[in-house]
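The two complexes that follow have chain A in common; it is paired with chain B in the first and with chain C in the second.
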Partner chain A sequence: MPRLLLLAIIAAAALAAPFYFYSVTLMTIMCFVVFACSFNLLLGYTGLLCFGHAMFFGGAAYVTGYLLKTTSLSTELAVLAGGAAAGVLGALIGFLTMKRQGIQFAMITLAFSQFIYFVFLQAPFTGGEDGMQAIPRNALFGVVDITSNLTFYYVVLAITALCVFVYYRVVHSPYGEVLKAVRDNQPRVESLGLDPEKIKLVAFIISAAMAGIAGGMKATVYQFATLTDASWPISGEVILMTLLGGLGTLTGPVFGAAIIILLNDYLAGFGEWALVSQGVIFLVVIVFFRRGFVGELAAFKRYLARRSARHGTAAAPGAKTAEARG
Partner chain B sequence: MFEGITSQLLFGQVLLGLINGSFYAMLSMGLAIIFGLMNVVNFTHGAQYMLGAFVAWLLLNFLGLGYWPSLVIAPLVVAVFGMVMERFLLRPLQNLDHLYGLLATYAVALIVEGLVRYQYGSTGLPYDNPIPGGINLGFMFLPYYRLWVVVFSIVTCVATWMLIEHTKLGAYLRAANEKPQIVEAFGINVPKMMTLTYGFGVGLAALSGVLAAPIYQVSPSMGSSLMIVVFAVVVIGGMGSIVGAAVTGYMLGVVEGLTKVFYPEAASVVIFLFMIVSLYLRPAGLFASKESV
Partner chain C sequence: MNASAAVLPRDNVAAGADNVLEARGLTKVFGGFAAVKGVNLAVRRGSIHALIGPNGAGKTTCFNLLTKTLVPTEGRILFDGEDISSLRTSEVARRGLVRSFQISATFPNLTARENVRVALQSSFGTAYHFWRSLRAVAPLNARADELLEQVGLAGSRDTPAAELSYGKKRALEIATTLALEPRVMLLDEPTAGMGHEDVEPITDLIRNAAVGRTVLLVEHNLSVVSTLCDKITVLQYGQVLAEGNYAEVSNDPAVVTAYMGGVDE
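So, the complex of A and B:
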């Protein structure tokens, strides 16, 4: 019951938020929440570090933008098409790289994303250095006008909620359990007769498609798509968001994305300090808080529970098992 | 089809390719050494290369030390920075998932690049050519400095290879790479060796940075994009293969140069295309032994 109540409060807050805060900032946060969720699915639950996730984000932004500019496709379908395109790209890249593990995978995906970046730089349809400007927000379902930021906020909110729900379902499905098993002990999964490479490939494709939806949304929020969206600092940023929120935690990406976007917003006027502060946060999280914001919070809660259990009745055996998974 | 291509252009680009290749080779060699011994992908490599160039620039402008002393001092300074970083940042992370080491080096790269950019802006700073002039070979003009870069980098790569393959220190290093516990049991201080190795790899990066200063401008972002290309080079050459890294570096530099002549549009992506093809055909890398897949 309290969980339902909590959900209701969050929903009410999300619905009321644009009346109190700048809606574009809120929408940016939501785009990156979806992006970070997609990344967490890969790194947090599958143990694959993709250092080029911006290629899906930025690539889909171009696809969505191009479709909206040249056709009369409705906005939600264009965003979906961006996600689908990113998924196809993910399938191609995953097919070539899935044999590599850990840090090699990181290097290769980084190189791939740089390749894609240069392709975008030279491809005629992206507008090169200038980016793709004046992307229209075509009517929702072909009928509802969504040109104002306030109405569009609710569209973004709906897509984000849907994506987070899908992410939640994937993580909590039997397939999600297999993913975690691959992360923790791949040979064991293989010995059970499953094909870890295929399992990881599917996770990679889902993650790429979701990152694509995030990118498509961003293109429609800002109504332009630029090379920055596909550049490797964005790949680094999404790693930071996920890590800061808490690897392999359900709600971590939400907090991570919100904190980093707000920080970037705040530091925008200070030039290079955004870069430096990101580096410093990265280091602090890596060295001291590897469980991330949500993970550390959960650990603290368990600690309190253990302590009160020790002070109340004798030892509570349940506390020990709850601690097993960090 | 290629009538319009003069020998001037062709050889010019091959030379340019060799120069780029010299940097690829030295940088990827350092990366491969660090990766081979420590299992750390050094994302700070690009920033350390940039630091090398910057230290040389600072030495010139504040202490009046020219190119030749800088060629020795700057790599040492940056290597010390690297060793401190290894000792106090990478070593505590060593027993965790390797991903944390990678991300920590990435974080340092962000900080270093951000600070340098804050202090000196993102425009390039000029660095005077220490060996002006050149020689006319008849079919092309060869600037002395570029010749020096190519020769010097080849000498450095060969010397590094000799050090690792033909000295006792190198033997320890290779052994520590394979079985650190056993090497430690022989009374060799493996952690200290790791610090020195990291310092050496970083020093190589800084040395390339000093070499690059007179050719390219000294700018905060000179390392980051180069580093990604070098990653691709290391992947193609086979992770941790030191010879593979160097040879692939020169080779791809020339390939890139030739692409500029025959199909300029593809010049920036040809190395990545190469990587994709080689991943498909030779997943372990061109020069890797089978086990390192």
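So, the complex of A and C:
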């Protein structure tokens, strides 16, 4: 019951938010929440460090933008198409890289993303260095006008909620259980008659498609798509968000994305200092808060529970385990 | 034994399905160094068979070859008369030849029940169902709990494997392996690194688990070998040094020399 209540509060806050905060900032945060969720699915739950996730984000931004500019496809379908395109790209790249692990996998995905970046730089349809400008927000379902930022906020909110739900569903599915097992001990999974490479490939495709939806949303929020969206600093930023929020935690990406975007926004006026501060945060998190924001919070809660169990009533089931350990 | 190894597998099956697992001329070369050289091994159906030998003798490598974790440089492997030399690890496992590892192999962040459930999912067919809730695997819980109970882990059902004691981790591995209903279980040093108090329960556990199936195990603890095993194959320098029951092997002069010059047992 308290969980439902919490959900209701979050929903109410999300619905009211654009009346109190700048809606474009909120929408940017949501795009990166989806992007960070997709990334956490890989790094946090599969153990794969993809160092080129921007290729899915940026690639889908172009696909969505191109479809909206050249066809009368409705916005939500264009975003979905961007996700599908990224999923196909993910299937291809995943198929070629899934045998690799650890740092090798990171380097190969980086190489692929650099190659794709180069393709986007040269391809005529992306607008090269200038980017793809004036992407329209075609009517929702072909009928509802969503050109105003306030209305569009609710579209982005709905897509984000859907993506976060999908992310939750995958992590807490029978497949999610197997996925975590692969992350923990791949040879053992194989010895149990399952095919870890295929399992990881599925996660990679889901992750790529979700990153694509995030990119497609961003293209419609800003109404332009640029090379930056597909560049390696974006790949780095999503890693930072995921680690900051808490690797392999469910709500970590939400916090990580929000913190980084707000910080970038706040520090934008200071030029280079934005980068420097990011570097410092990164270091502090790596050195002191390995579990990330959500992970540390959970650890703190466990600590408190254990402490109160030790001092307090014998009724708590935690008391026994605490004693047994001590 | 040599006589039966010479006949064709088909005849072998017809002749009462003697050997459930056979290796012929098994060889593995690592960059010029032969870790396993021309090993012939025949594991009788329903037996508990031990593979022993000094450190570095090639026991784990043999296991890796038998379960296709490594590709043999030479030689054939027959499982129930079928040549499995060209299959992959997961395919071999699905056919009922399942191994455990020398280093503890649990899924540390999953609870004991989830550990077993992953194995159960292997044949249940939900391993790729990412759109369903965990209710889809709820029917497996009863079987998982039963297996945990069988290895004495009923009380640790919801404990993450990382928090289990070493002995319990090894028991969990056995439960996970049993979840596949293997016809042949390969256990790599199931009692290694255990205190005295843990060795006996695990030995009993293996004896119980072996009912109705075949077990091939690597074991350094000779008292475990002597009480548990029907047959022993001694490896040294990647080759079979001796074979027989405990009395035969322990009186074999070659084995005595190998062990005198080898590790203390």
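As a convention for this text, the second predicted complex is superposed on the first by the 312 of 326 C-alpha atoms of A that agree within 3 Å, B and C clash if a C-alpha of one lies under 4 Å from a C-alpha of the other, contacts with A are read in each partner's own complex, and residues count from 1 in each chain.
Everything below uses one rule, namely that a residue touches a chain if its C-beta (ideal position, glycine included) is under 8 Å from a C-beta of that chain, and two chains touch if they have at least 3 such contacts.
Everything quoted here is computed from the prediction, not taken from an experiment.
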{"item": "Partner chain(s) touched by A:165 [first = chain B, second = chain C, both, neither]", "value": "neither"}
{"item": "Partner chain(s) touched by A:300 [first = chain B, second = chain C, both, neither]", "value": "neither"}
{"item": "Touched partner set for A:21, first chain B, second chain C, both or neither", "value": "neither"}
{"item": "Partner chain in contact with A:125 - chain B first, chain C second, else both or neither", "value": "neither"}
{"item": "Parts of chain B lying in touch with chain A, wherever the complex brings them together", "value": "39-41, 89, 92-93, 96-100, 102-104, 106-111, 113-115, 117-118, 224-225, 228-229, 231-232, 234-235, 239, 265, 268-269, 272-273, 275-276, 279-280, 283, 293"}
{"item": "Sites on chain A touched by chain C in the complex", "value": "169-170, 172-178, 180-181, 183-185, 187-195, 198-199, 202, 206"}
{"item": "Interfacial residue positions of chain A with respect to chain B in the complex", "value": "43, 49, 96-97, 99-100, 102-104, 106-108, 110-112, 114-115, 118-119, 121-122, 232, 236, 239, 243, 271-276, 278-280, 282-283, 286-287, 290"}
{"item": "Of all residues in chain C, those that touch chain A in their complex", "value": "67, 69, 89-91, 93-94, 98-101, 105-110, 114-115, 117-119, 121-123, 126-134, 136-137, 176, 179-180"}
